[in-house]
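Labels run A, B, C and D following the written order; every chain starts at residue 1.
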C-alpha cells in the first residue's frame, strides 16, 4: 500500500501512521519527498483495510499495490478454470454456445426454439422464468411454470438449461431445475444473492452490471468463490455509455483483460450487448476472435411475437447460419465448436 | 406512437401494421414520405406494448409520444406530493436533512453521532444495518442488532430512523424498526424488492442507480406506486461517468428535471455524490439551490474509525457548521430549515 | 419530422406551426391525441431546420425521421465506397493494415520500424509528425522534419504514408508528404479543418472523438464529403467510459452499425482502443471478425525508448506474429491480407 | 513516482530500473513485497517522464505522486487568481455574469439582446461569430462581421465582449475585438490554439471538453499558462454521460474540486450544461451555491427565431428575473452581484 500524505502533514503525523502500519504486522516505509511525503506498507495489504486510512484527514490518497480480488485472480491460480455445466465444459478448447429465448413464454415456444437451437449445434439452452423488467407494465415471466417447461425441453433436447435467479429466496427452487444459475446485470451486486450462490454446488454465470468495471465484476465473482463455489463463468453483456446507436456498448476489451488477470472462463452476450438483431452475428464472431470461451445468444422461434427483447432475438435460420460461420473463426482462434 | 418503416417496407406491410394498431383500439395514421413511410397510433399507446412492434423486421424505429411511467408523472397528479416520514413532512416548505453514519457500528458510535446531528438540527436519523459492499472482505453490517441500536437512538433523540433494506426477505423485519425504507443504488432495479415495498405502508427513499437514467428511476418508483404505496421519495446520489476526480458525478440536473416531470419529492445525497468530505458542504448548498427537498448526509462521531465510507463522512462540528450555513440558502430558495 | 406539443398548446398554436411547415413546402399533418397533440411534416425535413422548432416554448419534443447526415449514408449511395490510399484500396476485399510508430522520432527509428512492418506484410506506413499531447511537458513531434523522414522511409519501403494533420494552417504542407491525412480524435469536430480537407484531393482517415457518437462521426465525415472530397475512411479508436481497466473502451458495435448505415470504409485502431500492448492482438482479430476493413496499429522498433505511447506499441516480432495470425481470421471473414 | 513491477521481474531488472532513476537525479527506493516488488523515485518526478517507464515490459503500473499540472495548481500558487476581463474582475468577491446570444446573428438581434442583459445587470456580453456546429448544414456564424457587431454593442452597453476563437489562424483577428477569448469544448485540446493563446495578453475562458476530466482541463490550462499568459478562467459546461434527459450532465462536483486544487477562477455555463431553458435558472443558482465565480448564460431577444441553441436560450424577462433571484444566493455564498 502506498500512502501519500497531504502537504500539511507533519513528521509526527507520519510517525503515527507508520506505527499503525507496524501494529498490524506490515513493514512500514518512510519516503519524504520535496512536495509530498509518501509512506509504504509492505506485506499482505488487505489487513490494512481495518485501519481505514482513506478516512484520515491528513492522507491525500491511498494506492493499493495488489488487486482487491484474490481467489479469482491468476496470481492465486495460474491455470484456466474449466467449469462443468451439465456435462458441458466451459473454459477449455470447446467454444460453447448457450442459446434460447429471452423468456420462457409457453411450452410450444420453448419446444420449437429448443429444437431449433439443438439442431443448429448449440451446447446449452437458455430461457428466463423470472424477468427483471424496467417497467412494471411489462411481462415479468412465468415463474415456476417457466422452470418446469425449461426442464422438459432440456430433457427432450439433451441441452443443459441455464436460467436467471433474481432473488435469494428463489435459489433453492431454481437450483432444482437449472444446470447453471444465471445472475443478471441488475443483480451483479446483489451480495446476499451472491453469498447464497457461493454455498450452492451448481455453477453460476455472472453477468457484468451496466455500470460495473471489470474489477467490480471480479469482486462480485470473489463473493461466490470465497463462499466455496469455484464454478463461476463471467459474462460480458455490454455497459452503459453515452452511445445510443446500440442498446449497450459491448466492451470486448474486457475479454483479454479478464483472461490476463483471472483464471475464470468468460463468455459474451452479443444480444444484450448490441440490442439489434443484425449486429448479433458480427459481434459473436468478434467475441470468439478476441478470446472468449463462449456465447449466450437470444433465439426465438417467432421474434415478432416475443414478449420481451424480440428486436434482438435471432430467427432460427439466422442462428443456424451463424453457427455455421462460427466454425472457421473458432478454428482460427484455436478453439472447436464440437466435442 | 410513431412508427418509422424501413425503406423496403411495402404498402401492404404498412397496411398490415395499421390494422394491428386498429385491432387494439387505437386510431391508425398513414404518412408516406419521400424516403421513409411513417405510421402513427393515436390513443393510450401503452396498450400497443402488446404488439411488440419494435421486433418487427420491417420497422426501423418506434418512438413513443408519452412517458413510459404514468402514476409518478405530473400529468397524472399535478401537485407536489408530501411524504410523511415519522412525522417529518418531505416535499413541502421544510428542507429536510437526514443525517447519521453510513453504517451502525456500535451503540456508542450511534448514540454519539445521533445526539450530535440532533443538536445540529437534523430532522431524521440515517444508519445502515445491512451494507452492500463491493468486496466480500469488507464490513457487511450488524443486521438486526444494528436495527435495534438505530431504534434506541431514534427514541432517545426523537429523530425518525431511515435505513436500507437490501433484500425482499428482510422487508418485514426492517419495517418494524424504520420510519422509512431506504433502497440503495445497487437495488434500484431489484424489482421483487420494489414490488414488496409497494405493498408496505411505510415510505420508501429510492436511490438512483449508478447507471440509471432519470427515466429508469421514475420507472422504478412506478413499481412501488403501482402496487399501492404512494409514499416514494427519490434520491439523487451520483452516477458513474468517466470522471474519476470524485467517486461519482452528482447529477443535479436531475433535480429540476424530476421536479418538472414528477410530483414526487426528491432529495440529494452529497456524501456518495462526491465521495470526498470537503466537497459535501458545497454540494449540499447546490442541492438546496436547484430545488431539492432535502439531503441525506453521512456524519460520523469519529470518521477516522469508521468501518465504511469514512472518507466522505463529516465530523460532527463540520455538520453543525453546514447546518448553520444552509439556513440562508434555504431562505433564498423559499424553503425553511425548521418547522 | 414528428413534433410533439406540450399539453398546454391550443388548437390555434398547432395551426400556426402547421402553417409554418406548409410555408417551407412540406406537407403538414395534425394528429390530436388524448394526452398530447402530435404534428407531422412530410418531405425533406432538413429544410425544417430553418424554422428552429425545437426552440418553440409550446413544443415538447421534435423527432426527426431521417438521419441528419446525408451523402455518407447508404440511403444516398448503396454500394461500398473503396478509397485509394497511395495505390492501396481500402473498403474492398483486401483487409488493410497501416502500421508504424505513434510519432516519428528519428530517421533511424523510422527506418527500422518501417522496414520491420513492411517485411511483416503491412500495406501502409503510419507515423505522426505533429503530436497533440495532453500535457505541455510531453514530446510534441518533429514537424516538417518528421514529414520528410516519413516520406523517405515510405519511398524506401514502398508503403504509402499516412500522418496526422492537427490544424487548418498545416493542410497544404502535410498534403505534400502524405498519401492520406489522418484526423485525430481530438480534432474530429475541428470543423474548419474538416472543411479544408473537403477541398483536398487526398483521402482522409477520420478518427472518432472520445465523446463522439457514431452519428457525430458520420456528421463529421459529411463535412468533408459535402465539400467535394468523397474519400473518407472512418476509424474507431475507442471512446471514453467509466471503465479504467483499459485506456479507452473500444466500441466494436460501431463497425456493424457503420457498415449498415454508411457506404464509407471503416478501420479500427486497437492500439489507442486498448492502450495495452498485450490486448492489441486480440482486439485486432475481433475487428476483422466483426467486419472492419482494416487496422491502424502502433509498432515501434524499441517501445521502451518510445517518446509517446510506448506502452501500447507492439515490438516488431509481436507485429509479425499478429500479421501471420490474422490471415485465417481474414479468410473466415471473406477478406484477404494480400492482393 | 511509485513503480510496481510485474511478478516475473527479477532483482536484476529492479536494479536496472533503480539505476535509471538515479541517473536522472532522483532518489531511488527498493521495496520488495510478498507478491510484488515496488520501486520509488523521490524528487521532481516530472523529469522521470523522459524514461518512459510505462512502456517497460516488466513494469505493471506507474503511479505518480504529484499532479501532472504544475503552474495552475494551488501547490504552486496558493492564493486565488483574479482575472481582469475588460475591467471586470473574475475570481474575487464579485459574482460575474456574462450573458448574450449563442451566435451573433444581426445588428438588431445583438443590440436588443445586449441592452436587455445590460439592464438586467449582466457584467459582460457574450456572442459567437464563429460557430462550430455538428452538422455542415447548420448556421456557421457571421465571422468578422459578427465580431464588428459585437464590438459595437459592447461599446454601446459598456459590457466587455467575450467571444469564441476556433482556430489558431483567427487569434490575431479575434484579439482585436474581444476582451476575452472563449475556447469551446470541442477545442479544449486544440493544443496549437492553446499555445498561441498563451502568447496573447488577453484573458482566456477555457471550456471543459465533453469527454475531458477535470485533470485534462487543468492540463489544457497549463498549456496557456506555461506559455506566459496567467489569465485563464475555467468553465464547466457539462460532460457527456449516458443520461439523455438533459443535453449534457453538468458536473458541479468539478467546482469544489477545482477550487481545492487550482488557484484559477471557474465559472459555469448552465445553458449548455442542461440544454433546456427551464433548467437554466435552478442550475445557475446551484453554481453560485457550490462556489463558482460566475456564469456564462445564453439570452436571446427572440429565442424562437434563434439560429442556434434557441431551446436553451432565456427570454430577456426570464434572465432579468433570474438576476434578481441570484442576489440572495450570492449573499448566502459570501459573494456580491454588484461592485
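Operating definition for what follows: a contact is a pair of C-beta atoms (placed from the backbone, for glycine too) under 8 Å apart; a residue touches a chain by one contact, two chains touch by 3 or more.
Note that the structure is a prediction, hence the values are computed from the model and not measured.
Hopping across touching chains, the smallest step count from chain B to chain D is 1. Most remote from chain D, judged by the distance between CA-atom centroids, is A. Centre to centre, using the average C-alpha position, chain A and chain D are separated by 39 Å.
One inter-chain figure worth recording: chain C and chain D are separated by 26 Å, centre to centre, where each centre is the mean of the chain's CA atoms.
For this pair, chain A with chain C, the centres built from the Cα atoms lie 31 Å apart.
Residues of chain B in contact with at least two other chains: 211, 239-242, 244.
For chain A in complex with chain C, the touching residues are 211, 213-215, 239, 241-246, 249-257, 260, 273-274, 276, 278-279, 282-283, 285-291, 325, 328-329, 331-333.
Partner chain C is touched in their complex by these residues of chain D: 46, 49, 52, 54-57, 68-69, 132-138, 140, 166-169, 186-187, 189-192, 195, 209-211, 216, 219-220, 222-223, 226-227, 239-240, 277, 303-307, 310-311, 313. Chain A makes touch with chain D in their complex at residues 2, 4, 7, 29, 31-36, 38, 40, 42-44, 63, 65-66, 75, 240-242, 244.
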